Amino acid sequence: MSVEKLRKIVLDHDTKSGRLFDYMIQFLIILSLITFSITTIPDLNELETEILYIFQVTIVSIFTIEYITRIILSKRKLEYIFSFYGIIDLLAILPFYITTSVDLRSIRVFRFLIFFRLFKLLRYSKAIYHFRQAFIIAKEELILFAIATCMLLYITSVGIYYFENEAQPEAFKSIFHSLWWAVSTLTTVGYGDIYPITAGGKIFTFFILMIGLGIVAVPAGLLSSALSQSKNMKTENNSKKVSHHN
Amino acid sequence: MSVEKLRKIVLDHDTKSGRLFDYMIQFLIILSLITFSITTIPDLNELETEILYIFQVTIVSIFTIEYITRIILSKRKLEYIFSFYGIIDLLAILPFYITTSVDLRSIRVFRFLIFFRLFKLLRYSKAIYHFRQAFIIAKEELILFAIATCMLLYITSVGIYYFENEAQPEAFKSIFHSLWWAVSTLTTVGYGDIYPITAGGKIFTFFILMIGLGIVAVPAGLLSSALSQSKNMKTENNSKKVSHHN
Amino acid sequence: MSVEKLRKIVLDHDTKSGRLFDYMIQFLIILSLITFSITTIPDLNELETEILYIFQVTIVSIFTIEYITRIILSKRKLEYIFSFYGIIDLLAILPFYITTSVDLRSIRVFRFLIFFRLFKLLRYSKAIYHFRQAFIIAKEELILFAIATCMLLYITSVGIYYFENEAQPEAFKSIFHSLWWAVSTLTTVGYGDIYPITAGGKIFTFFILMIGLGIVAVPAGLLSSALSQSKNMKTENNSKKVSHHN
Amino acid sequence: MSVEKLRKIVLDHDTKSGRLFDYMIQFLIILSLITFSITTIPDLNELETEILYIFQVTIVSIFTIEYITRIILSKRKLEYIFSFYGIIDLLAILPFYITTSVDLRSIRVFRFLIFFRLFKLLRYSKAIYHFRQAFIIAKEELILFAIATCMLLYITSVGIYYFENEAQPEAFKSIFHSLWWAVSTLTTVGYGDIYPITAGGKIFTFFILMIGLGIVAVPAGLLSSALSQSKNMKTENNSKKVSHHN
């Protein structure tokens, strides 16, 4: 197999063989993540553990071959190695080698870095462009709202601490404990593991929620309007090109 | 009654008798769904069960007659049978016949396929056109966000598993158990059956929610803006037609 | 005091005395609602009950005088009596007279109709116009989404019933019990009084939430975009008027 | 150091030394809030308490020097003192002086006013302009929705009180207790500390949520669309300026 042919398969997304290779890699990524998830189930018998291990080794081997092939095929090798996808490709295999070679419990913990494999998927999504564009458009506002949310969370924590600390000294032990309540309340998750019981705390919660709901949910609105803006920009550019040709 | 007259009643939505027929079918659909729901209540006495059964048989009979009539009336019979509404009309009656003729517990379970009757209602909604249009407009972004949500859910599950597994080995038993927590948290449902208790897990939850809220709520924003876009397109088309006439 | 002068106070919103009268009525509405709320607190002592009763009688008397004055002052008496605000003004005082004159427990229950007084407040809000306009603009889509939500709720109820009924026969007793879970889940309230425990039920919940979040949150988006549309229409109309004058 | 040089550091945001000074103040604000939060943790040993106290004194001293310097440097001293930021700068240090000088438990409570320091951060955010602009644009609608939410909350409270009071006399003791449920439900927080158990109460909750979700989530939509409007206005103004120059 000539290098040129291999390049078409591995690097090209538009040839038939290239697309097939892409789908295979995507399938393997998802398969490896599911396999990894299964290994976390307690009380697997020996056979199951062995099968899962073989699966993992096989997939990592393929990813390693893919990584090496990409290095060999790319004309500017160093550029690829230090590019976003180059680092991701390395991080997708490194955790496995480290955690299996070194037999230390403290290092085994890093197996969870396997989630870097997820980012390999980004290579295949064209729609990610709009998403990044939308982020750039709404960046300033998103940062502002992230800061506003943090400020609101802090004020909420301090406030509820003063209202509830005496009545529930265990649940609202410190401002950090109150912060956990503030997060679960302002995001409207509301686990119910901790909630105000004093009249003052409840009234305070009411006012904070009235203000908070109007702030916490805004970023999603900003992102979705930035997305449609980014899409329109593309459409306009295309129609401009068309009208220029006329 | 001539065939032409019957066609006007069953197939036509604009004649008076046609509209009456439509309303009757819609009423029967809703009635049959309520009837079915009542049958799931435990400890019904014999009389009640019997009345409900008679109700069900009557409604299914009417739907069967409707289905057969539609086949007879349509000029291209096979086309109707394999059309979307043809299949729905069949699926609306089939589960009843199968589950009552075969007296097996394992088959009785399929009674729940009765919900196919709901889709019969779609035939009568003109507004569904905008909805489909909006889906087509926002399709690319919706898929992107579905994938992004899945990725976020996976990373969240892996993360919380490593933070909470040791402290709550029962609740966060495996990544699949963590996934359930991730779903109920990122959608802000927050049942409270499972939640982080370690400081690390809580801080992780905070960051994931800050990012997650801005992602999970976007699809609704995309759909609603696509809907107004689809509506404006129609209005523009109409006004263009009007101005062409001038 | 001449009739004309009284008309300026009661019916006119623009004169100084008219505005003062409006504020007084608004203040009394809110006061009466708070008073009513306090009466529901159990274990009030005799003095407190008496004071609250005097408050209520006084406020109802003023509202009665207001109602009679409005009838006397309006030129087309019957038109006012059967107008929206005429009926509201009557309903704001009627429950009190009925529940205090007839000393029956079964009738005392209707005291809660006092909330009709809230609608008296609508008379004073000019911004309600935009709100109504927005509803008219988005009406078709809102109805569609209400129906879609109902269909989704039904399918969710049937589905979870089949997944959870066996494992939790008490919580998911019938489809109606499942419906309660469906409501609290799809609105993301998530009380946590009832939730799936089987793997099948949890996976089902995941898929339903992925679809549901994109549907249940849309009406708010529709309303808010309709509101800004209604506002722009007004601004455009105004600017047109201005440009016509030039 | 000349006064002019000092002015450049303290008041100017664009010089290098000015920016450095700004970052230092911002860092100190956040540090002081974290320090304060740590002091609320119970069971700190003596050494830790002492270190935290030294931290607090140091930071307050720097803020005091900053405040005095700003007064000295500003040309119109009184104007600064009574300006928004002047008052914030004072409130950021005052609580510490009062709560440490007077050794009364009742006064120590006011330590929480430390959160005024958060508002010092606003001085450094340019993006706050858009936020204020968006508030002004959407003000009328936001007030309308705040009122609508309050009305909805009241009606919900009265309704659920009548449905649940008899079945759960402790949880739904009075309309004020019901109001707490209404707040936690309509904001979709849903702690699960209090929820309807009667069929009537559940059906009522269903209808209220169907209406409520479409109202409570609107302000966020209004704010986010007002934000993008405010941004476009700025862009348009800029492009107008550019086209005028041509």
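As written, the chains take the letters A, B, C and D, and residue 1 is the first residue of each chain.
Quick note on the criterion: contacts are C-beta pairs under 8 Å (C-beta built on N, C-alpha and C of every residue); 3 or more make two chains touch, one makes a residue touch a chain.
Note that the structure is a prediction, hence the values are computed from the model and not measured.
When the CA atoms of chain A are superposed on chain D, the rotation angle comes to 90 degrees (nearest 5). Interface residue usage between chain B and chain C, two copies of one sequence, is largely distinct: under half of the residue numbers at the contact are used by both copies. One simple way to say how far apart two chains are is to compare their mean CA positions; for chain B and chain C this gives 29 Å. Note on chain placement: the centre of chain A and the centre of chain C lie 41 Å apart, centres being C-alpha means.
In chain D, the residues that touch at least two other chains are 176, 188-192, 216-217, 220-221, 225.
Residues 188-192, 221 of chain A touch chain C in their complex. Remark: chain C residues 33, 36-38, 40-42, 109, 112, 114-115, 118, 121, 125, 127-128, 130-131, 142, 146, 149, 176, 179-180, 183-184, 187-193, 216-217, 219-221, 223-225, 227-228, 231 touch chain D in the complex. Interface residues of chain B facing chain A in the complex, by the touch rule stated above, are 140-141, 143-144, 147-148, 151, 154-155, 157-159, 161-162, 165, 169, 173-176, 185, 188-192, 195, 199, 202, 205-206, 209-210, 213-218, 220-222, 225-226, 229.
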